[in-house]
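The letters A, B, C, D and E name the chains in turn, as written, and every chain counts its residues from 1.
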Amino acid sequence: MDTALIPKGVKRCPLPQFLAGLGAAHVVLLWGVFAMLLCWLKGLNQTNMNNAYGFAMWIWADRAVIALGGGAFFTGFLRYIVGKDKLKYIINYAVLIGFICYSSALLILAIDIGQPLRGWFIFWHANVHSMLTEVAFCLTAYFFVLCVEYLPLVLENRQIDKVPFFHNLTHNMHEIMAVFAATGAFLSFFHQGSLGGVAGVLFGRPFGFREHILIWPFTFFLFTWSAAACGPCFTILITKITEAIARKKLVKDDVIELLAKISGWMMLTYIIAKTIDTIYWAVVTAPSKGLALSHFYTNNALYGYWILILEVVICGWVPALILITDKGRKNQFTLWLAVILAVIGVSLNRWVMVLQVLAVPVMPFIKWVLYFPSWQEVATTILPVAYGVILIMISYRYLPIFPQEAELNPLEPPALPEDEPEAGEEAAQEAEVQEDQKTGEGDLQPAEA
Amino acid sequence: MSTEDEQAKAVSEDEISEIPETGSPEIGENEQDGSGAMIILFFILGFVASLIVGWIIFPKLLYSQKQQPVAFNHAMHNELVDEGCESCHFFREDGSYSGVPKLAQCIDCHEEVQGESEAEEYFVTEYVQKEREVPWLIYAKQPPCVFFSHVAHVKKGDMDCVTCHGNIGESESLRVYEENRISGYSRDIWGSNIGGFKKNSWDRMKMDDCAECHRKENVNQGSVQTEKGACFVCHR
Amino acid sequence: MFPFSFEWIWDMVHMVFHGALWYALSIIGMGMTYCIIKAAYDSAQGSKGDHH
Amino acid sequence: MKIDRRSFLSFTIGGAAGTALSPLPWKLTDDMAIWTQMWPWTPVPEKGEVTYVKSACTLCPGGCGISVRKVDDRIVKIEGLKGHPVNDGSLCILGLAGAQLLYGPRRVKAPMKKINGKFREVSWEQALDEISKTLADLRSKGEPHTVACIADSDRGTVPELLNRFLRVYGSRNFIRTPSIQDSYELTLNLMQGVRAMAGFDVNNADYVLSFGSGILDGWGSPVHMFKAHSLWREHGGKLIQIEPRLSSTAAKSDSWIPINPGTEGTLALGIAHVMIKESLYDNDFIDNYSTGFHEWKRHIIDGYNPEIVGKVTGVAPSTIVGLASSFARARKPLAVCGRGKGLTPGSLKEFMAVHTLNAMVGNIGKEGGIWAVPEPEYIEWPELEMDQTASIGTQQHRADGAGSSLYPQARYLLNRLPETMNASSTYKLIQVLFVAGANPVYSMPGSADIKEAFEKIPLVVSFSSYMDETAQMADLILPNHTFLERYEDVPAAAGYNRPVINLARPVVEPRFNTMHTGDVIIRLARALGGTIAKALPWESYEACLEEMMGDRWDTLVEEGYWTNTDFAAPQWSEAFETASGKFEFVNKEISSLARYSPVKPEGDEAAYPLILIPFDTMRLWNGYIGDPQFVIKSVPDTVLKKNDVLVEVNPATAKSIGLRDGAYAVLSTPKGKARVKVHFYEGVMPGLVALPRGLGHSAYENNLAGKGINFNELVGPFDDAATGHDAAWGIRAKLAKA
Amino acid sequence: MKHEKAKKFGMVIDLDKCTGCGSCMVACMAENNVPFREDETDKLLSVAWMRVYKLTNGKPFPDADICYLPRPCQHCEGHHGHSPCVSVCPATATDYDTRTGIVSQIYARCFGCRYCMAACPYHVRLFNWYDPVWPDGMEQSLNPDVSVRMRGVVEKCSFCIQRYQMAKDRAYMEGREDIEEEDYQTACTQACPADAITFGDLNNPHHKVHQLARPDHRNGGKPRAKNLFRLLERLGTNPKVYYKSSREWVRNLGDNHDAIQEKA
């Protein structure tokens, strides 16, 4: 029925199957929308946040998705500024993932604030000293950039492209895409960084506080760096998952390997910096505030030293070392492992920099406060995952996202009636839903700005 | 943003194979016709229509009109009293401002009907005799988040009433009170001009108007964030 | 956000911050405007896809 | 003209551009935000003229002056009255929340009659009519003595009116709710021969030895005590707190001496022993102004040496010696008694033991010492003219047994009433009961027995302004105005050492269809006619009050209070009105009382290995007034969590039972059982369980009702052998895993 | 307009006198229109501008000791008015006034992002998770001098700024240029039965707070008086609430410097 909309030269599952999958994702979406409406109408008492946890799951989700969506700006940066031309085969998908991540982040922010109708105050009455202002501005501006980058992709749909105006528009936009990409990279640098600054400037919260370079705390740079390092890993991971679900190769290995290699070196440099930062913080910064390292990791049921080891060693050093070796990148298992660890690592880092900051008692006579999200928080956090799945499904079906797909999967003239992609698609949906729920946390995480 | 080559290829294929199947050529033709004038005309139509809606119709819908409960003649009262505005709108000993007079004050003179005005008779029968407070609508009423000190402006700042309230003291009748249907504010806060433009100092009573004067007069410019007036000077 | 809003101060922080912001926004805005106008112009010329 | 898609699109774009250039979207956005700043469901208080009205707080016996801030006709805040001798501008947590009692939902809004278990509104005429008929009926049957009244005080015009009404009607059954006032009155009466209230010159004391008194937990006049404590902190005064639990008072003391609960009197006598042994007493006072010292001394020397006392009390002998020495050597020492807020009368002999310490250091009536504050003398009414019915009625025994041969000393024994009433199932001991300013169903130990007794009374009339537990059990509620709506004299401040009269006055018009209890009594008297009407001849309560106050009235109206600044305690030579004219350590009456021995907690030790003790705090009120919203809000989550009360247990004790911090447990005593949570507290003596008083209400708003456990449901009264007053300070208990 | 010398309002709270009675909390609630709900036992959801903490020395019976510590907003000055919360607020809803030293919070401006709560180590900032409700006519006791907060915004102690505003009004009415020390006292100070709270201008050597705290303005406002301390002095928040305690363990608990010694 919708064959006219499907890009030429590729095979997609039958429409009913597609719609069924879409429907399943919508169920999850509606659950999230219901929770979202509850939060808007009844207020934030629907969450398990409290006066100790002014920030909780949502802010973490925000930072995590932005970090993971960092693949878009960094890949764009590599493709258009550095000139890694090969990345043109994956950049569409990176942009799409970035678009999903950033629009989700904005949505979550809109739920998270106590007075959504006053949300625009952050722009109008901006306090430029606040990291959150910087986040809001750069995030919104970068979201415009992502829209601009996603737009030509939408216009390339077979039917839309027939309109000369749109066709020309696409063409023109491609011509100056480097300018947009550069602007995006510039904005991303600041919003990823300022997300890191959010905790880093809190001189009343020694767990998050870091020394400054100019006006920016160390975390500012760490967040940007880690997003640039781990964002592409998330792009790779989602690409791999899509391939697995579609049961066909969509991007050539050399493209993936190139991205993985760059990502690996970024991670290595990041984790070195992170390690130095952690040591400096533990030995100099925190004690100057009167707190020993043990204060942050003992006397409570959850936050122990394990979290530090998991984040820095297992999800930091290990993937970095895997990805910088040729073997590690070529071996599918280690590649999968590395990108998964990297995604977990950056999500965990965002969790720690949001929630542990607040969990640590600063006044000596108060206790740790632990937090567990309410179902409304979980549902609204999964909402963007469902939304992402839906958007990916539709985009994959109707837009030429993977330029190499046709080449990698040549259509045999007499196409078999029931074909891999279809079965694939359905499984895809399910698996994606599931998987996204899992990394979903990742999805929703705070990315650095 | 797929790569161009690829895309170009796809597009040309499409053109060849599919255009005949769909209805899109029509669009192409129209375009070719170049009825640009039509397009521009409709653009202008839409533009003008929305301007009319935004500037003329919208303000009419936004404000509800309310009549004051009693027709009051400021000019006439002003002639009869000795101390000008402060005769009725006075300060209490603690520096607070009495605002619109309560019935008890009015009764000082209007225990019985004084003159021949119908309004007064109505006032006496409906309010004085029934001991009901008059539900005056206050044009200059600020929202509850505002701390406005009359005494600071009048006694300390030596301002006259006209600066903020205009010439209401010389009016012979009370104009219609307009209430913002959404926010509940009196229209005088935003100003009668929907665009927010003002000619006189009393045309608008938004925060920026207060701030403007405070900056000029250097009133408590102690804010760290804005280097202007600190919030708690006017808010609470 | 704008120089006429209450929170604005004419100092380095504001000028740098908002300068960068407006700079980025204008690039996006001008870029899009350029693309749209050019696309409209190209379409009016009746050329479709053949300028590759 | 053909409108195609492109034209339409063009129109839309033009419209969007035009809209963006019009104020519409921007003004709407702004107005939406402003709407959220003034949500119609968020109240906006009206501005108005601010005035301050001087009045008096009647919520506890503290006797504070208040300054009520009004905006037009609304009460916005209650503050302390500056310059008031008791509280000088400060106010306690309850007084500060007083406006919530006026405006809160606990009010009884009109006279109510219980019909088939449900309250129905009735008119005042109907209600008064019904009562006067019943009263007239009883009189005609010759049973006027079966009418009784429970009130929170026996001083001031309203209690006196109630008492006078009862007497002329023919009943002696005016009962005051118990407190340490009972014990202190008796102590002063027996040892000094005076009928007076005990006042403490705390401001000038420099060494205060407190036998479990919650000086900073609501004992006496709370604000006055707090202020005194601050003076001690400034001037180097010392506070020694003797009690088994680290209360707020103990925490603020200079020295906290944990003691086995119930043995405070023993320790007092132990200290006396050391003082005698080391001749650390005021020779002038003992030799010239006291009698019986030597007889008493022998008894002390024999029975209370530090070793023995140490064993009983758990206080080290060296500490006892140290206490005796520092107490006796202090410039202005003062010993005080009465546990917690002082709501339980306690053992008379314990009070006397502590009082002897004061006598031995000669601080009776001295600066920084204990004063006998005479009863207010302004209520002078003509002798009652009683008719025959009344004369016969008033010759009957009191229903509570006070003043009987068994307990000749006691004036009121509310705690004995339930037992007496429940013992006989047929005899109608009380047929009509008035309750004024008291909530005995909640505040008396052994709640179950009280309820049973109340159910037996054919007509219970409550004067409560609030729907409290007692009002809920009443058959008729004749709601009084609240203290912010009525005139009333407050003739004393608990524990304050000078006479002071405060005047509560109507700060606002009564909000509801309520009536002053004084007026109700006067109207009832009028309805009953005869000698009764003659005895209460006033037009209204206000007239009565003004007449009583005489020349003080103007001062009271102007200042809000009246005090006798010249008041000084009499010289020792004139202070004592005993037979000997001296302070009597021992006399015939004292000797006739049972000897001192520590009160044992009720229950079997094997079945109940622990001891449950109550504790009082300023944030929980357990008398007539239950916590208003703000006050219960201030209660920490280590005391109340959701609807569960937390009992304090020493971690060592809890661990031996296998209970973790925060775990649920079942607390059982011989009187009852309750589900509680455990709170580890190192400040409570091992072997004890401490439960706060003031929770477990079944009445009032949901802010308070159903939260926690009422201590009184887990204990019963324990009669002091000497007086019959309740001397229970705890009960045996068991704590088990839930 | 001429300016008086800048003021710096602050407090000294004598913990030796404080009995933990809670009057300050209720006085504050009544003065500042603080709402209440049926269940207020979850202190993490409860709004109380003034909170009294119970400190324990951690020793077993009978050496256990407790101390109460009332905690209003500390009105941190930080460095040049950049207190932890002020500089993080994205919408300029909170501000530091160099003329009074008070950290303001404007409820009509706050959009509820709660970043300031994350920034404040003292937990003085509280969010309105629920719509405030006054049952059955209880809204009659609301104070018109303080704006009632709505759901979804952050609120905190303002040092009863309305009392300052009204004290100034009275002064202007009486033709005075400035207010006296006793003209402006916070509700908690006024109510405290133990007179444990002293409030006034730390910059004014005639004021009691100045004499009690003897702040060293060249050294970040550190108290020079004996036994005085500020909460979390080392964070550099530069608070204007000083505490006094003669008990060493209490002073140690005021800051984290013991935490290190213990752990080491």
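Points worth noting:
Here, contacts are C-beta pairs under 8 Å (C-beta built on N, C-alpha and C of every residue); 3 or more make two chains touch, one makes a residue touch a chain.
It should be emphasised that the depicted structure is a prediction, and the values quoted were computed from it without experimental measurement.
Compare each chain's C-alpha centroid with the centroid of every protein C-alpha atom shown, and the nearest one belongs to E. Compared with chain C, the chain whose C-alpha mean position is the greatest distance off is D. More C-beta pairs touch across one of D-E and B-D than the other; that pair is D-E. In whole angstrom, the spacing between the mean C-alpha positions of chain A and chain E is 40. With centres taken as mean Cα positions, chain D sits 63 Å from chain A. A separation of 44 Å divides the Cα centre of chain A from that of chain B. For the pair chain B and chain C, the distance between mean C-alpha positions equals 33 Å. Across the assembly, chain E contributes residues 42, 46, 56, 82, 87, 92, 107-109, 131, 148, 150-152 that each touch 2 or more other chains. Residue positions 6-7, 43, 46, 49, 52 of chain C each touch two or more of the other chains. Annotation for chain D: residues touching 2 or more other chains are 32, 35-37, 44-45, 47. Across the complex, chain D meets chain E through its residues 36-37, 39, 41-48, 71, 74-80, 87, 89-93, 96-97, 99-100, 102-105, 216, 222-223, 226-227, 229-230, 233, 246, 248-249, 251-252, 256, 258, 511, 618-619, 629-638, 640-643, 650-652, 681-686, 701-703. Remark: chain D residues 29, 32-33, 35-36 touch chain A in the complex. For chain C in complex with chain A, the residues that touch the partner chain are 1, 5-7, 13-14, 17-18, 20-21, 24-25, 27-28, 31-32, 34-36, 38-40, 42-43, 46-49, 51-52.
On the chain B side of its complex with chain D, the touching residues are 27, 30-31, 38-51, 53-55, 58-59, 62, 92, 94, 96, 98-99, 143-145, 180, 182-185, 190, 194-196. Per the touch definition, chain A reaches chain C in the complex via residues 123-129, 134, 137-138, 141, 144-145, 148, 164-169, 171-173, 176, 179-180, 183, 186-187, 190.
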